Each structure stands twice: as C-alpha cells, then as structure tokens.
Amino acid sequence: MRALFQFLNNVLGATAHNLKANRQVFLVSVATITVALSILGLFLLVFSNLKSMMSTWDRQVQLIVYLDDDVSEDQKSKLRALFEGHPEVEEVAFTSREEAWENFRHSFSGGADFIQDLDFNPLPGSFHMRFKSSPDRLDKIKDFAQVLNKQPGVESLEYGEKWVARFEKFMIFIQVFLLAVGGLLCLGLILIISNTIKLSYYSRQDEIELMRLIGATNRYIRTPFLLEGVCVGFFGAVASLALLKAMHYYIQLRFQESLDFLTRGVVIQFLPFSWSVSMVVVSMAVGLMGSYYSIHQFLESGDRQ
Amino acid sequence: MIQLFNVFKSYGGVSPALDGVTLTIHKGDFVYLTGPSGAGKTTLLKILFRRERLDRGQVLVHGFNVGKLDDSRLYQLRRKIGVVFQDYKLLPRKTVFQNVAFAQEVIGVDRKTVKAHTWQALKEVGLTQKRNAYPPELSGGEQQRVAIARALVNRPSILLADEPTGNLDPAMAAEILALFEQANRNGVTVVLATHNQELLRAGRYPVITLNRGRVVES
Amino acid sequence: MRALFQFLNNVLGATAHNLKANRQVFLVSVATITVALSILGLFLLVFSNLKSMMSTWDRQVQLIVYLDDDVSEDQKSKLRALFEGHPEVEEVAFTSREEAWENFRHSFSGGADFIQDLDFNPLPGSFHMRFKSSPDRLDKIKDFAQVLNKQPGVESLEYGEKWVARFEKFMIFIQVFLLAVGGLLCLGLILIISNTIKLSYYSRQDEIELMRLIGATNRYIRTPFLLEGVCVGFFGAVASLALLKAMHYYIQLRFQESLDFLTRGVVIQFLPFSWSVSMVVVSMAVGLMGSYYSIHQFLESGDRQ
Amino acid sequence: MIQLFNVFKSYGGVSPALDGVTLTIHKGDFVYLTGPSGAGKTTLLKILFRRERLDRGQVLVHGFNVGKLDDSRLYQLRRKIGVVFQDYKLLPRKTVFQNVAFAQEVIGVDRKTVKAHTWQALKEVGLTQKRNAYPPELSGGEQQRVAIARALVNRPSILLADEPTGNLDPAMAAEILALFEQANRNGVTVVLATHNQELLRAGRYPVITLNRGRVVES
C-alpha cells in the first residue's frame, strides 16, 4: 500500500517534471491537438445540427390524399378511420377545401395579385398523414397508397418519393464523409501524439537508459509517458471544446439569421453534452494509444540494455 | 558471491570479447580487473548486471542466475549492484544532488530517506559544495566523483567500477580508493576495472588480468 | 564555384541521410501534414465549387416587371427600350401571359389536376431582367425599380431583395469560416512541422554540437534542416492533393446525382490548377517557416558553444 | 603561437576557474598541462577554441584575437584546431570511419580526399580493423583512439588533447604519445592536458601546472 502510494507519488512527480521540462513541446502538442479536434468538432457540430434539422425535414415526409370535390361526410370518416387504424401512421390532419384555398392564396401573396382575383376555389380537400420513422417507411407508404387508391372519394395521392430517396442518399454521403474525415483525423492525432511522446522521449533518452540500468521497473519508466500522452489528449480536447463553444457563440450571434434559409428556423445547437464528454474521452484514449505506441517501440528495441 | 563458469561472449567481431572466462569472487572481496584496451574488462562488468547477455556459460551473481534471468525480474538484480560507468552517464539537466537522488527515487525510496542518503553520499566524495551545479559545469574529475556517489548511494551489495580514477589526479585517486575500501569494509563486494598502474602496484588486492577475452594467470 | 558545388553536394547528402535515418519520423510528419492539408483542401474544394455554384445562383438575381393585362404593344416596346438602354442590365427576357400560364400549369403538374381545369388565364405577362454583377447591384436595382414603377403599363415589380441579402451574408459567413479554419490549420501546420524538425534535431543534437565545435559554418548546419522542412511540406502537399483527387473522384462517381438538389446540375469540379500549385507552394513555405523557427531557436541558444 | 595574458574566467562559482593566467606557447611547441581535478585545465583548453568565452584578458591563437572574434568567423579559428575531447564526443550512430570522415565533410573537403585522409588517420591509431564498428561497440580505449584520429585528420596546426590516455593501458598510452610526437614533428603545436604521471615523469616536454585556476611555477 505504501509502496503503491510512493510509486504514484514518484510517477506523478516525474510526469509533472517532464511536462515542465518540455513545456514548449507540450504546449505545441496541445495546440496541434486543439486545432485538429476543433476541426473534427466543427464537423460534428454541423452533423449534429444537420441531424436535428433532418428530423424536422423528416416530419415532412408524408402521404397526401386529395379528395373528390363531392366526397361525402360518410366517405371522409371511413377514410379517417382507415388512416387512424394503420399501425404506422403517426398523425393525420385534414385540410378542407376552404383552408387549402386560404393557404394557397397566402403563399402567393408575394407579388402575384392576380391570384387573389380568382372568384372560385379550384382546390380539393385533403388528408395529410405523417408516418412513424422506420427504415422501410417508404415501402410502407407505397403499400398503403395502393390500398387507398381504390377507396371511394379519393381523387389522387401524392408522396415525396423522389425527394426522400435523394435525401437518404445525401444522409449516406454525409455519414461516409464524416467517417472518412473522422477516421483520418483520429489517425492523424495518434501520429501527432506519438510524435510528441517521441520528442519527449528523445529529450530524455539518456535518463531512460540510466533508469533501466539502475533498476527501475518498466512500469515505472513507462507510466509518466503514458500519462503525458493522456494529458496532451485531455488538454487538447478541453481547449478545442472551448474554442468550438466560442465559435458556436459567434455563429449564433452573427449568422443565425442569415442561415435561416438553410436551417428553416431551427436554432443552431452546441454539441450534445454526451458528445462533448465522448470527445474528451476519445482524445485521452488517442493520447494513451499514441504514447503507448511510441514508448512500446522504444522499450522493446532497448530491451537488451 | 559472483561466479563465472566458462563464459563466452562475442559481439560478432573476429575474436570474442570474452572467451571462456571462469572465475569466482567471494562475497566481501575487493578485486582489480585489468588488461590492455579492448581486453574485455567492460564487457565482463556489463555481463554481471546483464547490460549485455552472455552467449554461453554460467553467471551467478548473489543468487541470480544472470543468463536465465527473466526480463521482468531484471530490475531486482540491478538494484543489488552499484555501477560507476566508464562514461559516467550523468544526466546533464539535473543538478549533482538530483543526479544522486534520482538513483534512489526510481527504485521507490521515500523522499526523506532520499535526502539524507544523498547528502551523505555527496559528503563522502567531497562534492557538497557543488550540489547545485549541473554536470556540464563540472570538471572531469568532479563528474567522476558524482558517478561514484550515485553508485554508492543505494547501499548496493556489489559495486562495479569501470576505470573510476581515469580522470583523477593521484591524490584524488587515492581518496576515491579509500571510499571504495570503506564500502568494502562495510561488506560490499567491489570489482574495480582500471589501467591505473599506481593503484595496481599498491598490490594490496588480488588482480584479475584479462587479455583478448581470456583470464591471464598472474 | 567548386566550393559551392561541394557545399550543395554535402548539404543534399546530409539531408538525404537525415531523412533516411529518421525515416519513420519523416513519414509520420508527412502523413500528419497530408491529413491536415487534405482537410484544408476539402474546404477549398467545397469553397471553389460553392463559388461556381454561386455564380450560377447569381444569375438568378433579377428584376421582374409584371405588366398590366391591357398593356399596349407600344408601351411594351418603350419599356423594352428603357431596359435595354440601362447600362447595368445584362439581359432582358419577355414572358407573355400565355407562356406564363404554360409554365405555371407545368410546375403544378405534380398531383394537382384541378389547376389544369381552370379555363381562363389569371397570369400577367412579364419582363425578366438580369443585371451585371457588381457590389452595389442591389442599390442599382432598387433605383431602377423606382423609375419603372411610374411607367405606364407596369402592374407591379418584384426583386429578390431579401434573398440576395441573405445570400450575401451567407457568403461572408463562408469566407469568415474558411479564413478561420485556414488560419488555424496553417498555424497548426507550422507547429507540426517545427515539432518534426525539433524531433529531427533532437535525434542529432550531439552531431550538431560536434559540427559547431569542429568548424562547420552555421549555414552548413542549418541548411539540411530547412531542406527537410521544405521536403515535409512538399510531400505532404502532394500526397494530400492525390488524396483529394481520389475523394473527388469518389464523390463524383457516387454522389454527383444525389447532390443535384444542392448543386442544381453544376458538375463538382476539382480545385483549379493554380490553387493546387498554391497549396504546394504554401505548404513548402510553411515547412520552411516551421523548420526555420525551430532551428533558429536551437542555434541561438547554443551559440556560445 | 598561443599567447594568454592575464586571462580570467569564472563560471559564477565561489572561485574562478581561471584566475589571471599568463603564458606563451610557441608555434611547434609540445607542452603538458597538468594539475589536480578542477584546476582549470579543461577550461583553459576550451577558451583556446572559444568553446567558452573569457571574462577578462587577452587570448591570441595563431593570429586570432579569440576574445574579440566575431561569431560568424568562429569557424575559421576552429578549423585550425584539432581537439580530443575529454568525453570523446563520438557520434554513436556513425561508424568509426564515418566519424572520422565527418570532421572533414563538414568543412567541405571533397569526397576523394576525405576517403584517403580518413584511412590514413585510422591506420595511424591502429583502428582500420574496427572501421565499420559503431562507437558503442568499442572499448573505452578504442573510442579514445577514434577521437584522436578525428582530431588529427584535418591536419590542424594546433592540437588540444584533454586527458587523451585516461582509458588507455601504459603500452597503448605510449603509442598514442608517439602519434602526438609525430604530429608535433610535422609542425603541429600540441597542448596535452593529463594526470598521467608516467607521461609527465618522462619529462621530455615542458609542463604547465595549474592549481585553482593559477599557473604554478615548476
């Protein structure tokens, strides 16, 4: 127990001493990690916001059933029952002919006064259905559309097939892209950190050789380097989160409004807390891996001494 | 007790560095190791604390079978042995005091003891005044004495010294020899490799002479 | 002359030797640079493509003049003369009432059959004007609109004011963002390269000290390190361009189609040649700076020896 | 010609390392420099090739006013001087041959000459057999001889040797001394700092004795 305490005390002391002795190298490494993680974080920020936007857009995937102008109340309520009985339908909304006309006129209010002058209503009533989110939603919508088409009172159907397909391809694209960038960056980070540790190692090569010769255990030699890597990872991640938060604040302040046409009113959010924590943890793990990788090499190669 | 039986070590050159060395050094002995440049003195010392592996033969050092010793237990052997390296191996960015203290820290001695022992060791080699200097700021002889202090500070049961007076003037060499003798009186086995004819001529201790990797009868 | 040749020969030899001796460190550095530059390049790729897309969207900034239904041919040709006489107008197109109706019906062909049933044409004829690109285009359009509003035969005017303002803010956003990321990355690269050179320096510290002691000139000592930095920059940039080209190829192959709704038919281009060359040059300059920075430090501090 | 006039050098310790040293060594002379550990021998040599700056006084070395020499011309002084360092300063990752060749490459000697001179120098110290070994693979004495070969290879007009026989057995020391004498016959000024009583006792050359930074009359 006392030995362990002594060990920890010495190892922590050695780590702190190393960090101080190579302060500049340490700061440079942390800065490098910060930059790299900030970029990764920026992508994640975009991604997390895209995801929440997408769930908004997602809600717009719907099946619209246009009704015959002369549909009877009876037919309407039969249809409604049908919709509401379908297990995948999340929500059903009815738009009467009058409401449709109101909306239509409203959306044309821009500069086309002529529409206002129409003195009859050409629009049909309609049901709008939203479906529960599921991977094969599109197929389910198609199947349901088949059934509905044959119902009395239904004039025509519309659903966002083309748009949804594109949208899903785009999602794949974004994810492939993020995976590629994230993977590259993690690789880059491991390399950077292992380089840092190598630097730290080189500047203490003689010390390490001596330690082995006078009877230090391998664990005693290795631990400060591993801790150093973890520290680099930790501080880098924290600094990059701070930087990201500042960027986020700046973007919100200056550009939220002008980005509205992309975000459609969704407020740009910071990374979810769990993601931030994960970033720190992953960065520390990457630091550990980088330092383990380089220190392992050295201790292996010098084993005979 | 240090026992070598038919030890053979080659670095791959034309002739082996150690060529069938057999010798026994008893616990508490003080022996000189000498021989011309390249005879294998340093190699022999290196094999004792497994800085080099032997090719053939048996080496027993205080109960450790050095040839078969597992890497993970190597540190246990090395903690029993204090070494004065031919090239000192002082850390240039630690002070004299820190250099000596370092040897104890890495084997987990607690802080208070470290201080007391370090001070004591520096006093013995006459370097308390230089305790805050860095090795590059020392003369060759001063560096050598720091190396000796560091080898002694852990109270090893064996002391290996490789040319520990090479950079010392005769007076200083005599003083350092007295230090080793003092340690020896306290039960430390001392093996001292040297070319120093004055030390050898004094003739108070047995001399093992090596030549081309072989022990020469003397 | 012979001395210079000898100098170059030795220096190049030393550089090559250094690279070989520290092959792993060198490769790691090049890889790091590659990753970093690939990310920067990705941004530049997006940016250069956005720029060309924007010039497409830009063409859509236009002034639409809706005409009274009872406009006379005379008024029309007067208006056309007015438009064509304006120095900033690049192109004028006329859409007759009939064409407008055709377009309208066409754009509603989706699922709203009811529109087709309308048996009269509610839409006005219109002139569409595109303006020459200039920073104060919007002001010019506004001024011109003032004049036009008072012309006989003009029913109403429409121009994309709101949209343009947003669009311009978005451009600023993109540029601020790119500058920030680019700046950060360049800083990061300088740090990385200076770390690399430091590593290379540490592993040859004794050699350098010795060189100074036996009479090598400072230039002789410094040059191989500077060349090493430049090499790291060069190879990193070239590798990242290769990587980017591969990514570009992949994106074109797999996602061009699905990105159509963003690109509106513009083919995704690779970085312009001049940009690619600039990337290599900047990277080499950054390499030079990074190595100069670290080597300068060392040679300064060791000057007494 | 080497002239020191009232040279004073302190490292900031209690007493200065050189305390008013005045001496003249003529071109082509061979002199020993001796004195106890810490007397200032190494410091004196270091000042001659401006590894250390002096605090006060005048130092002239072959026409260079060392104290006032501009940093950018320092290399010219150093190219005239061959130094055998007390700690050798061999490059561990270059072979013996490369270590010696290196000294010529860095001052811009062309490749062919480098080869010929290196070979010649290694032959003189008896190390042609070990030309492809790396310094850590050499014994202490072999390393010392490589350092001597490197100091001689550029045909310096001054040779400074700091304890060049510290790790050599008497026979080898005599051989090395012969090398220095050979160089001296070719016109090289030799300054040899040593504790080696046998060398000193031979008594063929003038001895400058330092003590606590002062020249002691002898």
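Labels A, B, C and D are assigned to the chains in the order they are written; within every chain, residues are numbered from 1.
To be clear about the criterion, a contact is a pair of C-beta atoms (placed from the backbone, for glycine too) under 8 Å apart; a residue touches a chain by one contact, two chains touch by 3 or more.
In this text, all values refer to a predicted model and were calculated from it rather than measured experimentally.
Here the chain-to-chain distance from subunit A to subunit D, counted in touching steps, is 2. The chains in contact with subunit C and with subunit D alike: there are none. Of all chains, the one whose CA centroid is most distant from that of subunit B is C. A separation of 24 Å divides the Cα centre of subunit A from that of subunit C. With centres defined as mean CA coordinates, subunit D is found 28 Å away from subunit B. Between subunit B and subunit C the centroid-to-centroid distance comes to 67 Å (mean Cα coordinates, whole Å). If each chain is reduced to the centroid of its CA atoms, subunit A and subunit B end up 61 Å from each other. Not a single residue in subunit D touches at least two other chains.
Chain contact topology: the protein chains form a single closed ring, every chain touching exactly two others.
Annotation, chain-chain contacts: A-B, A-C, B-D, C-D (touch as defined at the top). Of all the residues in subunit B, the ones that touch subunit D in their complex are 11, 13-14, 34-39, 41-42, 86-87, 129, 133, 137-142, 144, 162-163, 166-172, 195, 197-198. Listed in rising order, the residues of subunit D touching subunit C in the complex are 49, 51-53, 71-72, 75-79, 83, 85, 89, 91-93, 102-103, 105-108, 110-111, 150, 154.
Those residues of subunit C lying in contact with subunit D across their complex are 3, 6-7, 9-10, 21, 206-207, 209-211, 213-218, 220, 303-305. Within the complex formed with subunit A, the subunit C residues making contact are 25, 28-29, 31-32, 35-36, 38-39, 42, 64, 66, 110-115, 117-118, 122-124, 155-158, 163, 165-166, 169-170, 173, 180-181, 184-185, 187-188, 191-192, 194-196, 198-199, 202-203, 247, 251, 254-255, 257-262.
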